[in-house]
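In what follows, chain A forms one complex with chain B and a second complex with chain C.
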Partner chain A sequence: MIWQLDLLILLMVVICAIATITIRDLLGAAIVFGAYSFLLCLLWAEMGAVDVAFTEATVGAGISTILFIAAIFRTTRRSKD
Partner chain B sequence: MESMLGVVVAKYNYWLYVVLMMIGFYAMIGKRNLVKKLLGMNIFQTAIILFFVSMGAKRGGGIPILDKEAALAGAVKVAEVVNPLPHVLMLTAIVVSVSVTGVALAVLQRIYKEYGTLEEDEILDKIGRS
Partner chain C sequence: MKSLQALAQNGGGDNLILQTTIRLTVPFIQLFGLYVIVHGHYSPGGGFQGGVLLGAAFILIALGYDLPTSKRYFPVRTNAILANSGALIFAGIATLCALLGGYFLDYSILTRLLPIDPIEWRSLGIFLVEVGVGLGVMCIMLSLYWDMASGGQMEEGL
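Right after this comes the complex of A and B.
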């Protein structure tokens, strides 16, 4: 566990989380959320939790993002806040 | 007082998890769009999963995969591998969070078909309870 790398990825995770809830376009928010999930996967691989890391990469960053994008295309991209 | 500061700095990751959790909580309460609320719930869940996994991490610990010959020959040195128990518990939590997301998105599509909007205040207007 390298603490410089840990702190760098954690700060990027926090920035991605703030961006996810501030972007008004829902499709953009879903894509930034995918980037957030993949950064979490990097964080877990760096902590030594490789099984959690690859589950998050496939299920969290992959399937979850696809579900969000599919639902947004079937409903609307518009968001007021 | 100096040792207090040392404790705060040494556990910097816990403070950032609290920040992440509160970002998710704010999105669940403060945002009006239902998809934004769902994204906030996902951020909340991943912050808690991060907290649990980081409790099992050790300084200088390797990944919890043991060499079979070495493990059979002698005792396993637990100080050299990270604790795998939180990993197994949180693996279940990740799968549960994705299934919750799927069901919630299905409900959102049904709401959109019924009311034509995903904004909470517009839906409340349409059902006459604003």
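Right after this comes the complex of A and C.
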């Protein structure tokens, strides 16, 4: 519980969240969303919720990023309409 | 991204460094997943997280090589059988507790089956249920990826 570290990680989480919804490129947005999940996992581990942090690291940063990328590979670069 | 897509579709994505790294790291990921499941009841982690780790090891094989390779290591039929038996282990143990006269998921009543200390049965019961959860989650995560990457065809994909 070091509040300086908390504040730093929280700032980076907010930056990553804003970047995820701002980036136009789908693959880039998925990767930044993975970074967001991992920073959130760091924040939870730092706050003492190790079990939640573990779930976030495996599911949020691992599997959901892979599933997003697998879904993005089924799309095309430019929209048809 | 279009060139990446074309690369993934005509199988030109074979990368020696990537494949060697995956071949070296997959056993350690699986060992860590088993550790997380087995130590789930007195340390962070548990059946769900360990199952996700075990599934991620097979997803890594599918990502680095291709979909048929991961299906050779872990056939679709085995996947279906293990996923269903995982759910069966969880629900079976929970229902067995209820049938023996206790509450749903109250493992201490299982002492009527095998006479050891009820407190030890609580610890053992959590472990058995978490093995079931881990099996189910591993198979469902892998088949989610297979369906997602191949558009439901299960033949060609990432």
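Basically, the second predicted complex is superposed on the first by the 76 of 81 C-alpha atoms of A that agree within 3 Å, B and C clash if a C-alpha of one lies under 4 Å from a C-alpha of the other, contacts with A are read in each partner's own complex, and residues count from 1 in each chain.
Keep in mind that, in the parts below, a residue touches a chain if its C-beta (ideal position, glycine included) is under 8 Å from a C-beta of that chain, and two chains touch if they have at least 3 such contacts.
Keep in mind that this is a model prediction, so the values were computed, not measured.
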Pick one for A:F54: touches chain B only (first), chain C only (second), both, or neither. second
A:I31 in the overlay: touching chain B, chain C, both, or neither? Say first, second, both or neither. neither
May I ask you to decide whether A:T76 touches chain B, chain C, both, or neither, giving the answer as first, second, both or neither? both
May I ask you to decide whether A:I66 touches chain B, chain C, both, or neither, giving the answer as first, second, both or neither? second
Of the two partner chains, chain B (first) and chain C (second), which one does A:L40 touch, if any: first, second, both, or neither? first
In the superposed arrangement, does A:I21 touch chain B (first), chain C (second), both or neither? first
For A:L7, using the defined touch cut-off, is the partner it touches chain B, chain C, both, or neither? Pick first, second, both or neither. first
Of chain B and chain C, which one contacts the greater number of residues in chain A? B
Across the two complexes, what residues of chain A are contacted by chain B and by chain C? 26, 50-51, 55, 59, 63, 67, 70-72, 74, 76
Residues of chain C touching chain A in their complex? 1-2, 4-5, 8, 36, 44-46, 48-49, 52-53, 55-56, 59, 63, 141, 144-145, 148-149, 151, 157-158
Applying the document's contact rule, which stretches of chain B touch chain A when the two form their complex? 12-13, 16, 19-20, 23-24, 26-27, 31-33, 35-36, 39-40, 42-43, 46, 49-50, 53-54, 56-65, 81-82, 86-88, 90-91, 94-95, 97-98, 101-102, 105, 108-109, 112, 117-119
Residues of chain A defined as touching chain B within the complex: 1, 6-7, 10-11, 13-14, 17-18, 20-21, 26, 29-30, 33, 36-37, 40, 43-44, 47-52, 55-56, 59-60, 63-64, 67-68, 70-72, 74-76, 79-81
Given the complex with chain C, which residues does chain A contribute to the contact? 25-27, 50-51, 53-55, 58-59, 62-63, 66-67, 69-74, 76-77
